[in-house]
Amino acid sequence: MNKVVTFGEIMLRLSTERHLRFSQAKTFAATYGGGEFNVAVSLANYGIPVEFITRLPENEIAACALKEMRKFNIVSKNIVYGGDRLGIYFLETGAGTRGSKVVYDRTNSSMATIEKGSIDWESVLKDVSWFHWSGITPAISESAAEECLEAIKVAHNLGVTISSDLNYRSKLWQYGKEPHQVMPELLKYSNIILGDIDTALFMLGKDKVDPNYHNETSLPVLYDQIFKLCPNLQTVATTLRYSVSASHQRIGGILYDGKTIYNADIKEVTPVVDRVGSGDAFMGGLIYGLLKDTNDKQRALNIAVAACCLKHTVSGDYNLITLEEIENLLSGNTFGEVSR
Amino acid sequence: MNKVVTFGEIMLRLSTERHLRFSQAKTFAATYGGGEFNVAVSLANYGIPVEFITRLPENEIAACALKEMRKFNIVSKNIVYGGDRLGIYFLETGAGTRGSKVVYDRTNSSMATIEKGSIDWESVLKDVSWFHWSGITPAISESAAEECLEAIKVAHNLGVTISSDLNYRSKLWQYGKEPHQVMPELLKYSNIILGDIDTALFMLGKDKVDPNYHNETSLPVLYDQIFKLCPNLQTVATTLRYSVSASHQRIGGILYDGKTIYNADIKEVTPVVDRVGSGDAFMGGLIYGLLKDTNDKQRALNIAVAACCLKHTVSGDYNLITLEEIENLLSGNTFGEVSR
Amino acid sequence: MNKVVTFGEIMLRLSTERHLRFSQAKTFAATYGGGEFNVAVSLANYGIPVEFITRLPENEIAACALKEMRKFNIVSKNIVYGGDRLGIYFLETGAGTRGSKVVYDRTNSSMATIEKGSIDWESVLKDVSWFHWSGITPAISESAAEECLEAIKVAHNLGVTISSDLNYRSKLWQYGKEPHQVMPELLKYSNIILGDIDTALFMLGKDKVDPNYHNETSLPVLYDQIFKLCPNLQTVATTLRYSVSASHQRIGGILYDGKTIYNADIKEVTPVVDRVGSGDAFMGGLIYGLLKDTNDKQRALNIAVAACCLKHTVSGDYNLITLEEIENLLSGNTFGEVSR
Amino acid sequence: MNKVVTFGEIMLRLSTERHLRFSQAKTFAATYGGGEFNVAVSLANYGIPVEFITRLPENEIAACALKEMRKFNIVSKNIVYGGDRLGIYFLETGAGTRGSKVVYDRTNSSMATIEKGSIDWESVLKDVSWFHWSGITPAISESAAEECLEAIKVAHNLGVTISSDLNYRSKLWQYGKEPHQVMPELLKYSNIILGDIDTALFMLGKDKVDPNYHNETSLPVLYDQIFKLCPNLQTVATTLRYSVSASHQRIGGILYDGKTIYNADIKEVTPVVDRVGSGDAFMGGLIYGLLKDTNDKQRALNIAVAACCLKHTVSGDYNLITLEEIENLLSGNTFGEVSR
Amino acid sequence: MNKVVTFGEIMLRLSTERHLRFSQAKTFAATYGGGEFNVAVSLANYGIPVEFITRLPENEIAACALKEMRKFNIVSKNIVYGGDRLGIYFLETGAGTRGSKVVYDRTNSSMATIEKGSIDWESVLKDVSWFHWSGITPAISESAAEECLEAIKVAHNLGVTISSDLNYRSKLWQYGKEPHQVMPELLKYSNIILGDIDTALFMLGKDKVDPNYHNETSLPVLYDQIFKLCPNLQTVATTLRYSVSASHQRIGGILYDGKTIYNADIKEVTPVVDRVGSGDAFMGGLIYGLLKDTNDKQRALNIAVAACCLKHTVSGDYNLITLEEIENLLSGNTFGEVSR
Amino acid sequence: MNKVVTFGEIMLRLSTERHLRFSQAKTFAATYGGGEFNVAVSLANYGIPVEFITRLPENEIAACALKEMRKFNIVSKNIVYGGDRLGIYFLETGAGTRGSKVVYDRTNSSMATIEKGSIDWESVLKDVSWFHWSGITPAISESAAEECLEAIKVAHNLGVTISSDLNYRSKLWQYGKEPHQVMPELLKYSNIILGDIDTALFMLGKDKVDPNYHNETSLPVLYDQIFKLCPNLQTVATTLRYSVSASHQRIGGILYDGKTIYNADIKEVTPVVDRVGSGDAFMGGLIYGLLKDTNDKQRALNIAVAACCLKHTVSGDYNLITLEEIENLLSGNTFGEVSR
C-alpha cells in the first residue's frame, strides 16, 4: 500500500528573480510551498501515493495552490476550507556572501486559524502507512498544535508510522507557548525524527549539548537521550550542512537507529539554484528509502542526501527530481553531463 | 502654501500580467498603492507639496513602499511604524466582457491595527492647506476609524480644507459596524465629498433615492440633502462611468456647489490599460483644480475628468500624468498622436 | 453520474507573445491544447467529472501535458503510451487586419500513429454518460480514424450520448482519404453535431447549399438533410461568427433539435485576447447545458455562446471560465466591472 | 534589375513595453530603425534587391544594427565607418488618449558627422534603378545635407529614379539652417515625393495653403505648384491619417501624377500595435508598386495604403509584412481570421 | 580564397530558462542551431567566407532559421527546400550535479528526408577550400547519409580539404544501420577528424581500446590505427573534457598529425553558461587555425581550445566570440576583467 | 551633522541580461549610475544625509534618473539643468573567462557640457562635512574639470573634508588634456585619495613605480611620494583585487595614513552578480567609516572591503547593502545562510 499523508501549511511564495534585492523587484515569481507539502511532492515524484491535508481559504489564490497539488498527483480531497487567507512568504534570493532573506506574512492564515476537530482523522488515516508532520504546524497557533496532536494520536492508534521534522523557526512560536511546552507531547509518538541534536533537545526542554558532541563516539550517547524522551522513536536523522556561501554548500547526513550511526559522504553543491526546501527534500528521500526498505538504513540516508543535494539545483520550494536522477548520483556520477 | 496631507493605507498590489487569470500567473507584477496614496502621487506630479500619513510594519516589503513614496517626492517623515504586515491585494486584469477581479488580503495590516493617538495630528497638520481621507480607512478597523476622526477634527479646528472620497467597498466593513454608524460623524466636517448620491445617502444612513433623480432638475434637490447632513460641505462631485466593457469606458463627471450643477463632457476611454485608481485620479485632479482656483468649479471638474480618463492608460494604481498632458486633453486633443 | 469522456490529440502549443511575428520571437509561450482536451477542461471547470483519452510519447514534453491535465482534475488513467513525439503547433498572434497564423508540426505524432485496438473502450466507457470526439482525429491518420470509429461504436452500444465537433481543417486530411469517405460512418452514431451546414454537408459528401439558406424559414429544411443522414442525431448547433478584425468578433449561435430553431443574441467581443479554442469553449458550454437539462435547449445554447465569448478573453487554448462568470454574462452584465 | 538604394540614418530604438511610461520602465526593448532603413526592409520583404547606405561607428552597438540589416537581406557593403556613436531614440508607447512620446538622442551621431565625399556614389548607384532619401537626413547636420545632395545629383545624372519622403521633424533642423534654405535644391531632382501639401510648400519656402484645399477640385491646382517647383516630379502622394486615438487610426492615401488624383479607401486600424514607421511602410509599398508597374498608379497607391495599415499591427520600426498579406487585404479581406 | 562550406541540419532549439526543469517552463527560449551550422557561425565570426548547405521546409519557422544565418553573413543561396518540418530539440538546462537534458524531436525533418541528388555539389564546391560535415548527418537517415557521401566524394575530387566531427549520438542511428556500416566509407576521404579514439574506433568498426591508452606514449600507436583506416587523414584532434559538474568544466585538447602529439593546457570553465555547441566551437577554431596556417598545429589546437572554453560563456548553440577575445585568452588573460 | 555632498555624472546604464552578448539582446535592463552617485547611494543606505550635484538635461530620461535619486533619499535640489542628453553606457555582462564589456556613449552629455560657474558652491557646501569627487569628472571635458576645481577650492576654504577616487579610464580624457596636466591641481586639496600607487603617480605626472613595490616595507616609501605631492592628504587607500575570472574575485584592501599601513583580509567573491560599482562601494564604506570614527582606520578599511565584497552580489551600479549586513560580514559570517 505505502500510502503517505502529510499535514501542514501551504503558502504562496513570492520570490525575487535573478538575485534581485526586494527593493529592486518589479515582479515576484509565484509558487506554492511549505515543509509538509514539499515532502508530499517529493514522494509523489517517486511514485508513492500521497495525500496532503491542510486548511485553505475559499479564494482564488488558494485555488491556485490546489491546482499545484493536483499537478503532482497529490490527493487533496480531505482538505478543509475556511478562514481568511493563504499564508505568504517573501523570498529574496542571495548569492555568495549575501544570504537569502525570508519575510513571513503568514499570521492569521487559514491554517493558523484551523478549528480543532475540523478534520476527521480516523477517516483520513484509514489504510495509510505513514503520517508526516513538522514542527512548523504547532509553531503557528494553538489550534494548529491541537489539531496536529489529534492527528498524531489517531495515527499512533491506527499503527501508522509517524515522522516529524523538527523545523524550528524562531520567528514563529508567537502565540504564547514555548516549544518545550508543546513539542514533547507531540514528539513522543514519533517513529522518525529529522533534526539536529541541539534542536531536538531544545524542543524537548533539555539543555543544549556540550559542543564536544561532534566527537563521533559521544553521538550515540546524546541521541540516546532523545530515544529516552520519545519512546516510539526508531530513527533519528539530520542533514549536515557546511555553508561555504549562499552559492556553495557541502551536504552530508547522519542517521542513528538506536544502535548504529550511519554517515553519508559529503557532496559539493555549487552553484545553489535554490536552497529553500532542501531539508524537505532530505525528508522526502528518507521516507521513501525507509518505506521501500526499512532495514537498509544506509541506503535510505544516501537517498535522502542525494535528494537534498539535487534539490539545490531546482527553483522553487519542492523537489522536482526523479528516482532515476537520484540513482545516477548515488552511483557516483556527479559530473552533470548533458543527456542526449 | 498649498501643502496637502493625505491619510490612509498603502498596500502591495500583486497583479497578473497580459490579462492572465490568477491560475495562469507564474509571476505577479508588484506595485504599491491605495486610494489616499494615489491621490498624493497625482498631486505630487502636479507640483503640489504633499505628505502621506500611514502606519507601516518594520519589514523590507514596507521599505519598498516607502521608496516608492520618495520617488514621487511625497513627504514620509510622519509615518508611524508598528504592526505585523503591509496589506496586500491581488488583481487579475480582465478584458472585454470579463471584468477584473480583486482579492483582498489586508486584514490585520499595520494600518488596520493602528493605535489611536499614535499620530500627532496637531504637528502634522500645522501649515497645511488641505487634508484628504477616504471611506476606506474607517472601513478597515475601529481604531483606524477613530484615528481618522481624530485627524479630521484637528484639521477642522486648524481651518484645513477637508476632502473625502466615499469609496464604499462592501467587502470591507467587517469589524462590526455599519457605515451609517461611523460615516456621518466623519463626513460632517467635510468640505468636499466625492461620490455618487446613492453611496452618499447610504453612508449617511438615508434611503436610496428614487431612480428618477437622473433628471437633472431634481439633482440639486437630492444633493441639497447631503449638504444638510454635512454642514461644512461646499462641493460634491462624482465621476460618471458608463462601462461598455472592461476594455472600454465612457467617463464624465458632475459637480455641485450648493448652487450650480456643473457637467463635463463624456470621453471615450478605449482601450483600458488599467482602471484601478481612476477614481483617485479624478480626486487628485479635483483637489488640484480647487487648490489652484477655488472659484473655477468648471475647470476643476474638467481637470478631474481629464485626469481620470488619462489614468486608464497608465499601468498601476496611481496616475503618472503631467499637467501638460491634462491641458492637452482639455484643449480637445484626444487624438493620441506621436509627440516627436 | 454525468461522467464525460473526450478523445483526441493534445499538442504543445508554442505561441509568440505581444503580437510579435514569428521572425521577431526570441521566446515562445508554451501551453498544451487540442479541441477535445479543451472541451474536457471546460467541463472540468464546470464541475463535471471528465476523462481524456489520447496517446502520448514517453518523454518529458508529454509529461508536461499530463501535468496540465491533472491540474484541471481531468482523469488521465486510460491514456496509452507509445510513439515518437507530441504534436506541436506554432501560433503567431495577429491583431487588427492581420490574422493569426498557425503552423502545424503534428505529423507522425504519437496520436497520429496510434495502433488500432490499443484502447479498451468497453472498460473506458463503462458508466460514462457522454462521449465527445471531433473531426480532427479522423483527419490526422487512418489508424486514428479507425480507433475513433471503434470508440464511437462502443459508446453507441453502451447507450452513451455522442457529440461530434466537425472541426474541418483543410491542412489535415493528408493520409489519402477525403472527409466524405470517412466521416459519414463516424457521424451516423452522433447525437449532437457542432458545425455549420456547409461543413456538415461537405463532410457527409453532399453538395454545398444554396447561399440563400440563411433565410430562416429554409434553415430547418437544410438541417433536416443532416438529420436524415445521421439517424441518431438529436441536436445540431453552430457558432455564428462575424469577424470584424482579428481583434474584434461578433459571436452568436444557432441550434436546431429537429423541430425548433433556437437563436442566441449576438455579443460584441473586443478586444480578442486569444480566439483559438473558442469553438471548443462553445462545445463545452453546449455539452454542459444539455447534460444539466436536456430539455432547455435555449439555455444550453446561451451557455455555449457565453462560454465562447468569454473564452476570447483568456490566453491559451482552453477556457478558464467559471459557471458564475457565465451566469453573470447570461444575466446581461457585459460591463466588465471590477469585482472588489 | 529593379535594384533600390536607400540612404539615411539607422538608430537604436529603445522602447518601453506594455504601454509603460518612461518612469516605470526597468527594461527597454531594443530594435534598430530609421525612415530610409525601414523602407529598405519593406522592399527586401517584397523580394526587391536593396542596399542601405549610412555611416556607422565602429562599436558593438552599431554591429548589432548591421546584423539586423543582413537578416533582411539588405546589402550593407558600402556603408562607411567612423564617428562616435549610433543615434538613439527612446519611445514611450501610448494608448487611447495618451499619445506615444519620442525622446531623440541622436545629436553627434556617426551619420550626423558624416564627412562630405566619403561615399563613392558613382560606384554605389551604378546599375541601380531607384534611389530613396528623406527629409530627415538634411535635417540632422550640414554635412549630411551635403552628402545627400551629392547622392541625389549622381543619381539624377545616372538616370536613377529618385523618391523623397519629406518627413518634417521640427525637433531636428538644429544646425542653423531652415528647411526652405536646403530642401528646394534637394527636391528639384525628385521624381516621387511623399508628403502632404502643407509640408511640401513649407519645405519649398512657400506659404501654407488655404485650408479650403481639401476641396478635391482645388487639389490639382495646389499640387501643380509643387510640380512647378520640382521640375523632375512625376508623382506626389501622401497618407491620409485620421487619428481617433493612439490606439485607433483611420488610414487612407492620395496620389497625383500631374494629371489625375487617385484616392484609396479609408481603412480602420484598431488596435494600433505600433504606429512608428507606418509612413515608411507606405513609402515602401509605393516604391514597390511603381517599380512593378509604373503606369498602374491606383494599384501602387492601394499597395501603399495596405502596407501602411498592416504596419500598425507590427511591433518595431519596420514593416514585417509579406506581399501575400498585402494582396489579401487589397482583396477586401480585413477580417483577420486565423490561418490554419 | 579560404571559402568554407558546411553541410548538415539546422534545428529549432527550445530551451528552458534560468535552470528551470521542463515541467516548470511556461516559455521556451528559441534559437537555431546544429553542429555544422554552429561551425559555420564560428568561421563567419572570424571573417572566413562560409556557406551552409541544408534542406529546409517552406514554412515560417524555417524562414526564421534562414534569417539567423544571414545575420551572421553565412551564404544560404544553395539551400534546398522541401519536406514537412524543421527538426526541433528541447533543452533543459542543468546546474551542479544535475546535468542538462536534450529531448530530440527531429525525426522526419526536411533534412532527414532529403532526396539524394537534390544538391548540385559540383557547383556548390567549386572554388571552395574546405568542406565540413559531421557524424550527425549520416545518423539521421539513409538519404542524408547518401547525400553526405556524394558531397564528400565531390569535395575529394575537387581537392577540397575535408573535416569531419564524429559527433556520435546514440539516440540517433534509428534507421536500421549501424555507424560501422556507414561511417568508414565516409571517413576514408577525411583529412581532419575530430573525436576521441574510442568513438573513432567504434565508428570504424574496431574494438574499444584498452583503458591504459591515456598513457601518452601509447597514444600515437592508437592514433596510427585511425590513420591506417583513413588514408587521407592528416590530423586527428579531440577536446579533453573533465566534467566537475554541469556548472564546472576543465577543458583541454589534443592533436596528432601522424608524427607529433600536441597538447593544450587545461583551462577552468566555471560557471558554464551554456555548454551545448562547445565541441562545434572547438571545431570552428581548429578549422580557422589550420586554414590560416596549416603548419602551426600547436596554434590551431590552442585556438580550438580557447574557442571551446569561451563558448561555455555564451548562451545558445553557436559561438559568438571574436578573434580578439581568443587572442586575449591565448595570451594568458583568463581574468575576465571589465573592458572599459 | 555629517552631511556629505558628491559631485559627478549620472548615466543611464543599459545592460544585457543573463550573460547575453550585445548581439543577442532584445532588451536592455535600464538603471542609473555613475561613480559619485553610487557613493551617494551607499552613504544614504547607511543613514548619512547626502546630496548629489550634477547637471541634467530637461527630458524624460533624466527625470527617471532624478526619481532614482529620490528613492534613496538623496537630496537633489541643487542639481542644475541644461544641455542635450543624459550620458549612456552599455554593459555586456561577462562570465568566467569572458570579461564584461562597457561601450561608452557619454560624449556631449549635459554633465560634459556644464558651464563653469553654474553651481553656487558656497551655498551648496555650507554646513557640509565631506565633499567627494572622482577622476571621471575632469576626464569628460574641460568645463567639467574647471567646475570640479571650483567645487574643490570652495570645499577646501570651508574646511570640508575632501575625498577623491582616482578612477582612471583611458577611454575618457579625449578633450585634449592629459591627466597629469589637470589632476595635480585638483588632488592637492584632497584629504583622502582612493586608488593604487601606479594610477596615483601617473595622474600626478610621475613615473610608474618599480614593480617590486609590492614588498610591504617599501610601500610607505612610495605612498610618501603621494603625500608629498598632495599636501592636504591624510589617508590613501586602495582595493586589492585578484581577478580569478569574471565570475570569481578575491578582494582585499590597503590603507595608509602617513604612518601606518593597514591591511584587510582577502575575501572570496563568487559568483559575481555584478562587479560594476564595487570600487564605489569601497569608497562609500571608507567615507562612512572615517565619518563615524576618523581614528579607527582599520575599521574604516574593513567596512570598505566588506561593502566592496557585498556589492558584487547586487545587480546594478550602486550598492544596496545595509550596515547590518556589513557588520554581519565583518563578524566573520561569510556563510550566506538563509535568514528566516
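Every chain is named by a letter (A, B, C, D, E and F) in the order it is written, and numbering of its residues begins at 1.
Here is the rule we use: contacts are C-beta pairs under 8 Å (C-beta built on N, C-alpha and C of every residue); 3 or more make two chains touch, one makes a residue touch a chain.
This one's a predicted model, so the numbers in the text were calculated from it and none came from an experiment.
Chemist: List every chain that touches both chain A and chain D.
Modeler: Touches both chain A and chain D: B, C, E, F.
Chemist: Greatest Cα-centroid separation from chain D: which chain?
Modeler: Centroid comparison gives A as the farthest chain from chain D.
Chemist: So which chain is the furthest away from chain E, centre to centre on CA atoms?
Modeler: Here the answer is chain B, farthest from chain E.
Chemist: What whole-Å value do you get for the distance between chain A and chain F if each is reduced to the mean of its CA atoms?
Modeler: It comes to 45 Å between the two C-alpha centres.
Chemist: If you look at chain A, which of its residues touch at least two other chains?
Modeler: 17-18, 23, 26, 67, 101, 271
Chemist: For the complex, which residues does chain E have touching chain F?
Modeler: Within the complex, chain E touches chain F at residues 17-18, 267-273, 309-310, 312-316, 320-321, 325, 329, 334-340.
Chemist: Write out the stretch or stretches of chain B touching chain F in their complex.
Modeler: 67-68, 70-73
Chemist: List the residues on chain E that touch chain A in their complex, please.
Modeler: Per the stated touch rule, the residues are 18-21, 23-24, 94-102, 104, 169, 171, 243-248, 271, 275-276.
Chemist: Tell me, which parts of chain E touch chain C in their complex?
Modeler: Interface residues on the chain E side: 14, 17, 22-23, 25-31, 59-61, 63-64, 67, 84-86, 88, 90, 92, 101, 103, 105, 107-108.
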